[in-house]
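The structures come next, written out as structure tokens.
Two complexes are shown next, each including chain A; its partner changes from chain B in the first to chain C in the second.
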Partner chain A sequence: MFSLLQIAVRNVLRNKRRTFITLAALLIGVTVMVSIRGTLNGLQRSLLQNVVKGQTGALQVHRAGFLKNVLSSPLSLDMPQDAAFEAKLLGVKHVTAVAPRILFAGMVNVADQTIFLGVQAVDPLREFKVVPLRESTLEDKSQFASGKVADAMVVTDQLEKALRGANVPKDAPAAILAPDKDGALSGENVTLTGIMKLNMPGEKKVGMVRLDVAQKLLKMEGRATEYILAVDDIDNIEQVAADLRLALGKDYEVSTWEDVAAFVKQAMARQSFILSLVAAVFLILMLLGVANTMLMSVLDRTREIGTMMAVGVRRSKILGLFLMEAATIGALGGIIGGAMGTAIVLVLHARGISVTFPGSNVPFTIQPFVTPGYLLAVVSIAGFGALLFAVYPAWRASRLRPVEALAGG
Partner chain B sequence: MFRSLLLTLATALLVPATAFADPTAEELLKKYDAVMGPVNFLASIEMTAHRDDGTTRTYKMSVLKKGDDKFRATFAEPAAVRGQEMLRQGDNLWVYMPNLKRAVRLANRDSFQGGDFNNADVLRVNYQADYTAKLVPDAGRADAWELELHAKTKDAAYDMIKLWMRKADSQPIKGEYYTASGKMLRMADFTDFKAYNGLTRPGKISMKNMLATQRYSTMSWDAMDTNVNPPTGKFVLDDLGK
Partner chain C sequence: MALVQLQGIKKSYQLGKTEVVALKGVDLTIDKGEFTVVMGPSGSGKTTLLNIIGCLDRASAGSYKLDGEEIGHRDFNDLAEVRNRKIGFIFQNFNLIPVLDVVENVEFPCVIRGENRKVLRERTLKIAAEVGLTPYLHHKPDELSGGQRQRVAIARALVTEPQLVLADEPTANLDSTTADQIIDLMLKLNREHGVTFLFSTHDPRVMEHARRVVRIHDGVMADGTEAAKVESDRLHAAAVH
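Moving on to the complex of A and B:
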């Protein structure tokens, strides 16, 4: 068995050109597969981070029925915003921080312009503990996030441009208007402290205002419509969600980021599916290359096979030899390709790829990475695939008749 | 003598003939404006909004109108909106917020105090100016004319309205309000016809929200005086809050 392997390796090394071509096909295939997967891994991790640490938090708590009606941002489905309720949330294992929000539809006015927008009311000091990446979407970090401006509000630059049309003095007062929780029109003065960038495609007419301003505006002192939660490890969210449901009872609904940002989850599944298709096509193409060279090899080496048979080498050994040669090339290509792919991924990881989503204006950095499991899978698929695709050429070799083979087929 | 007798006879014969002729769409629209938005008036109006969760909220206001396009509404109840005023001047609409001490521009199609009327429903009744109308020939009802109104301007309350007016006295009895794409937003019933200082008109409108079907609002006119002539100075931004 060992001698067979030795002969196989020697045969592989003997015809350098053929080996090189076969290896190249495998190498390129595996390298491309590893680097694409690595980049996609990085993209998906960034997406997840952007959502969890920049928008939704790991988990959200609402009153039951809120998410079903989220488009109308119902204020009647509210909950207490106080120390007792927060203690209940923080009492659940793995929860590290919580922050209250009120989501509502309102209007923002500057001078002669009044524009509809979706508003998130947040407590800046606590909001950015749960979704720290969000702070980087604010152009005016010091003013809104620090909580120094008592009636601070930020809007997207599209809104800001629309509000501050021509001839509007820089210090024109701004106000936010909305129907309060009873439906009566209510208004409060606000200070527009700057621009809020969007880190995901979506509704562009949005803004953030301080929670206490919104509570006064909506006559909802001490109330909130949403709590966002951070956890110590994202892998614990299912456990945390179950514990929260138990602690809060049926009046509340607990959602993970996957429920809230279902589109991200779907996008990620779609990307992975497309990648698998591409990878499968690559794999089959490169393995067909292997099969082709092996078949050529059999035809080339007919005399040699005849000689081996003439000196008493069994047909099964011939079959084994050719399979072994293919496996050797497959393993070599897989391992070297895997190493090259990993090297590329590592370089990209260190350098980072800066990407800006269409419809968003916050660039974020993708750091590609591959898991050992995936590498192992790719290398074994290359090796075993080469073996599988060499079965027919090897079988052809083993079925040759010694006399004809010696005569040169 | 004979000639004048003939003339009288002819006139007498002619009168019933015109009385039975169908009114034109323009005449009906003019009648609508005359009862729903007389040139000048001062009215006390009560609006009750019935919300999805079954709760209601009642607003009391007085509305003053002058000419074709000047309105001013002043809210008295509930406490949350006391002191708020709305002013219309032509195509412009503002709300004065007492706590902000200034007026903020609003859009015509915004909901009026969170109820199921929009701002233009209440503060812009000038269908002749805003819509082109045509009579629907084979209306579904024998007792009423059916009119189809199409907005002339983007500032009109709706893109399309179907309006039913009673044949007996040309009073509006029913309205359906549509988007440009033909989706029905609201439906109104005009009821409680009564005379206000000689002007007979609906005393109550129930407006049903067709998008959130649990919701509806009613608006009733407690009093309406058309013999007023408020000064133009009442309809300027600077006068709000005073």
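Moving on to the complex of A and C:
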């Protein structure tokens, strides 16, 4: 067995031209597979970061039933916004920061324009601790975040354009109108200080005000409708969710980013599925290439096979020899292709790829990466796949009759 | 003592829809240590006969005993074992493995049967020296002349210490000087190692050295080989002394 492997490896290394032709197909296939997977890994990590650190936080806490009615932004399903409640949240292991929000639907009015919108009311400094990427989406963060303008409001540029119709002066006063907690229409003056960019697809007509403005408008002093939470490591998220549920009881619901931004998870699953499909096609094409060159090799080496049979090599050993040669080429292709793919991924990681998601106007950088597990899988698939696709050519070689093989087929 | 005993060996092939009869009942006995030539025109069945004696093919009917053992009906793997242990081959086209160097080609039949590498290497070097290949041990076949390649094939045939060496037109692709050297080498090995040689050839020089010539025609053995044997014995004695 060992000597057969030695012979197989020696044949592969010495038949440079034949080996190169077979390897080329494998190398290209494996390199492309690793590069695409690496890029997708980077894309998905960025997507995740963008969501978790730019919008949803790792976890969210609401009153039970809130998410079911989220479209109506129910103010009745609220919770305390105070030190005692926050201490309870921060007391759970791995939770590093919390921030309160009120989500409500209302209207914004400038001059003669009144437009419906969704509003997020946040405590800027604490918000940016949980979702730090969000800070960069605010065009005028100093005024909004610092509190220099107490009634500051930022809106999306779509909304801004709609509000600032012809002849509306830049500093025209604005007001925000919404039904308060008791259902009575309420209004507050606001100052439009800037534009907020969206880093996720979804509703385009949204705005952001400071939490205290909303609490006053909605008569919800000391209350909030959601808390967003940051954790030290995203991998702990399920554990943290379970601990929070235990600490808060059945009056509250705890959601992970996956629950809140299900479409992101679906998108990631769809991307992975498409990649698997592309990879499978690539794999089959490259392995068909291997099978083809192995068949050519059997034809090319008919006399050699006859000689081996003449000196007493059994059919099973001929079969084994060709299979081992294929597996050796497969493993070589996997290892070298894996290394080449990794090199490409590392270069791309160092340089970064700048992209903007559809439905978002915040560009960000993808840093591709591959996991050792994936590399191992690719090398194994290349090796075993080459072995599998060499079964027929190897069988053909082993079934040759010595007399005919010696005569060159 | 008889090494090869053939009785009533028949061989027929299916060529499309017609059946071609290559051997029509051959009886032949070859003693140990003989240096025998099989001769006959093209299509006479001599290569078929050598293939059957070499266990590369099986007879359709008849009995084949090698070293007293009936092997005519053994299966493919058993025959591979017999070829590996008892028979060496020298081919007209040398049939060396192109990616292996001289030493590796010579050792190949023993490597696949898992022999101890150190012992094998010693034996290989000795045989290589005997056939005059010492300066070319690490040359590849395509770096060697025809005569040198045939020496490699001879060394490969002998390294397994076989009882029988079959040579199918071994000098057909060589110039006359080289052919003479190869014939002399095989005679020397026959004498010194006591290995039985069986040739098929058209080459009159090989026949000159043969101690026995058997003739085959249309798949049957022709009579009258004794005279040739006596004649070749005389020539052989003259060559030796």
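Quick notes
The rule is simple: the second predicted complex is superposed on the first by the 399 of 409 C-alpha atoms of A that agree within 3 Å, B and C clash if a C-alpha of one lies under 4 Å from a C-alpha of the other, contacts with A are read in each partner's own complex, and residues count from 1 in each chain.
The rule is short, and it goes like this: a contact is a pair of C-beta atoms (placed from the backbone, for glycine too) under 8 Å apart; a residue touches a chain by one contact, two chains touch by 3 or more.
What you are looking at is a predicted structure, and each value in this text was computed from that prediction instead of being measured.
Because the two structures share chain A, they can be overlaid on it, and in that overlay chain B and chain C fit beside each other without clashing. In the superposition on chain A, A:109 makes contact with chain B only, not with chain C.
In the superposition on chain A, A:93 contacts neither chain B nor chain C. In the superposition on chain A, no contact is made by A:351 with either chain B or chain C. Of the two partner chains placed by the overlay, only chain C lies in contact with A:402; chain B stays clear of it.
Of the two partner chains, neither chain B nor chain C is touched by A:270.
When the two complexes are overlaid on their common chain A, residue A:185 makes contact with chain B while staying clear of chain C. Of the two partner chains placed by the overlay, neither chain B nor chain C lies in contact with A:161. With both structures placed on the common chain, the touch criterion links A:148 to neither chain B nor chain C.
Closest C-alpha contact of chain B with chain C, superposed model: 80 Å. No residue of chain A contacts both chain B in one complex and chain C in the other. Listed in rising order, the residues of chain C touching chain A in the complex are 51, 54, 56-57, 76-77, 80-85, 89, 91, 93, 95-100, 108-109, 111-114, 156, 160. On chain A, the positions that touch chain B within their shared complex are 72, 76, 107, 109, 112-114, 173, 175, 177, 179-180, 182-189, 219.
Residues 49, 51-53, 55, 57, 59, 78, 80-81, 84, 95, 97, 99-100, 102, 104-107, 110-111, 113-115, 212 of chain B touch chain A in their complex. Chain contact summary for the complex, chain A toward chain C: residues 3-4, 7, 10-11, 14-15, 303-304, 306-317, 401-403, 406.
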